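You will see two complexes here that share subunit A, one where it goes with subunit B and one where it goes with subunit C.
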Partner chain A sequence: MSTRYDRLLDQITRVRGVRGAMLIASEDGIVVAESVMEGIRASAVAALMGSLARRIRRAADSLGSGAPEFIHLQTAGGALCAVPAPESMLLVAIADSAVNVGLLRLALRKAAEVIA
Partner chain B sequence: MGPLEHFIGEAGARLTLVMNPAGQVLAQHGFTRAVDVMAAAALGAAIVSSTAEIARMLDEPDFSALNHQGVRHGIFVAGFDSPRGRLLALVVYGSNSSLGLVQLFFEDFVRDLVAACPAPADVRPVLAKDFERELNQSLATLFRT
Partner chain C sequence: MAEDIRTLSAELARDPASLVFVSLGEMLRARGQLDAARKVVVAGLARHPSLVEAHDLHARILSDAGDLAGAERAWHIVLEHDGRHLGARKGLGFVRYRLGDLDGALDHLEVALSIDPADAAVVQGLNTVRAAADDVTGPAPVPGAFASRPAMAGVSSLALPGVTPAATPSGSGRSTGAVFAGFEASDQGMLLVDARGRVLGGGLRSRDGQDVSDTVAAHLAGVAQEAERTARILDLGAWSWAVAEMAEGTMYLTQPATGATLLLVRDRSVPAGRLAVLADKAAGVALQWLKAQAL
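Let's turn to the complex of A and B:
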């Protein structure tokens, strides 16, 4: 795993409530780098999140509203958040319900800017 | 819904072949012509056989899966063990799917297929005293009028 990406992911996992962060190749749905707690299937999250992000992008294209900047999937037990990163990658965070979504969004966008 | 239909629905595969290492097809989805099925199966089995040889040269255990990514389609080829022996799967997917999705649901497919696979039949030894009787029975069945 790349040390450079490790440091970026650590900045995201430091946000209270975040259970994991990963950088994925969104077209392929495979993990580029990950830092997740035990019990989280990073490969499954990468595959499904990549697929979801592509569909959301197509929906946004059909609306003519531009590319999505932030994806937030809220569930009963937690949240999945993602921001686009350069080279068709996606920065994804898995969090529990206590997470401050605003703070997480800032952390994700800052990390994505560093990748760029 | 069988394991193959479930896999196709979840992974969004366009074409799927399940075959043995000799290229004999056990199941297929998406092909419209038999000649395409046979050609794809033969080529898929040859791909696996070639890469197995490369693995052997590298002193590696057999590669578990291969992926070829094209502009519009990707090809995923993988081998797995079943109670009936080694099987191969060739999956072609398009832009509505991804390598990650195919890999993810392929694991479920293999697990479900192995669970659904009937146990191998016991092989009875052929005894001389049974041979003549069974031969006569088979001939009688064959030439029954």
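Let's turn to the complex of A and C:
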């Protein structure tokens, strides 16, 4: 199972500027599979992105706009992107600030479709 | 009430399997007879272990008695049966707050808000926890309207489960469009919010036309706090903006000033790049407005 996920995560990390990708359980922010560069704390990314995604989802619920399909947090030093995956999971990528977000978005969505 | 207690006690004595133990426990709790209330509820739960409201009552009794760990265990039993039990979410928010776990408290209270956006106790609880979180993370307040926020509320000011607090001010009657006058749909898809989730300007309507400004504002403070925490803990520098694409719209979130969050919502026909340009303009206007409030 993890080999299958590993292959999918590798496709995301091939996007230039991506420093890591992971599959997490969105409700509790636990890492299911990961492929990250040394120095990246996968468990911290998972916990924080899981929590951020839950909060955005609640705001979206209030708006009645449907569940988030793509989340992008831009910071001074990089970007965090996430798309939902089946079975209440999230595909998350951490990238540097020069990443082509359009390409990353496509890679994340394609990987999520393969998981489905 | 004493007569009611005698009547219910007699009924329970006649039929120990009766569900009146819940009402009896509530009355004993209301009178402050916590030990008696706990005994009644524990005995009742031995016969009705899956009665959610009895577990909730048990938790409230334990919380009143200062047994937070026991109350937390009891509320978790409630959530095992009903993950969206409002009382349990409020109670767990209170317990987590008392134990100093502000993130945990926010998590439970935000779920509670999503269950009942009109619950004043939840809104008050969120305000209290966010004020405490502000003191921990230390963001400088925005000048003007909310620079003179009250000192951090004491523990007792966090709404206790089952206790109705004074109503919090609602957004009705506010001048929502003032900040973004001149922007298209400024009262339907733009919202400026302070660090505690209070609306400063703009407005939001759901797809069915309901004014959801206050509810979304309350959630938004949590989103901004979480974005800030995520960026800080991961050493990514300050967060600039966040975008969430939903099936029926796109949310764009940015911070025109420390402690203020700006949200733009547009339907999916508006390209992300254009939304970013619009948000930049709106953030500039919001910043000017915030500065003007400080004068």
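By our rule, the second predicted complex is superposed on the first by the 115 of 116 C-alpha atoms of A that agree within 3 Å, B and C clash if a C-alpha of one lies under 4 Å from a C-alpha of the other, contacts with A are read in each partner's own complex, and residues count from 1 in each chain.
To be clear about the criterion, a residue touches a chain if its C-beta (ideal position, glycine included) is under 8 Å from a C-beta of that chain, and two chains touch if they have at least 3 such contacts.
Bear in mind that the values here come from a model prediction, so they are computed numbers and not experimental data.
> Should the pairing of subunit B and subunit C on subunit A count as a clash or a fit in the superposition?
Aligned on subunit A, subunit C clashes with subunit B.
> If you stack the two complexes on chain A, which partner ends up touching A:10: first (subunit B), second (subunit C), both, or neither?
neither
> Would you check which partner chain A:70 touches, where first means subunit B only, second means subunit C only, and both and neither mean what they say?
second
> Have a look and say if subunit B or subunit C is in touch with more residues of subunit A.
Touching more of subunit A: C.
> Check whether A:29 is in contact with subunit B, with subunit C, with both or with neither, and answer first, second, both or neither.
The answer is first: A:29 touches subunit B but not subunit C.
> When the two structures are overlaid on chain A, which partner does A:60 contact: first (subunit B), second (subunit C), both, or neither?
second
> Answer with first, second, both or neither: which of subunit B and subunit C does A:43 touch in the superposed model?
Only subunit B is touched by A:43; subunit C is not.
> Just to be sure I read the superposition right, which of the two partners does A:113 touch: subunit B = first, subunit C = second, or both, or neither?
neither
> So, A:52: does it touch subunit B (first), subunit C (second), both, or neither?
After superposing on A, A:52 lies in contact with subunit C but is clear of subunit B.
> Determine, under the contact definition given at the top, whether A:87 touches first (subunit B), second (subunit C), both, or neither.
So A:87 meets neither subunit B nor subunit C here.
> Subunit C: which of 1-9, 19-27 or 91-99 bumps into subunit B?
91-99
> What part of subunit A is shared between its subunit B contacts and its subunit C contacts?
44, 48, 51, 54
> Which subunit B residues qualify as touching subunit A in the complex?
So the residues of subunit B touching subunit A come out as 69, 97-101, 103-104.
> What residues on subunit A touch subunit C, complex-wise?
On the subunit A side, the touching residues are 41, 44-45, 48-49, 51-52, 54-56, 58-78, 80, 94.
> Once bound in the complex, which stretches of subunit A touch subunit B?
For subunit A paired with subunit B, touching residues are 24, 27-30, 43-44, 46-48, 50-51, 54.
> List the residues on subunit C that touch subunit A in their complex, please.
Contact set of subunit C toward subunit A: 103, 107, 110-111, 113-114, 117, 204, 206-208, 212, 215-216, 219-220, 222-223, 226-227, 229-231, 233-249, 251, 265.
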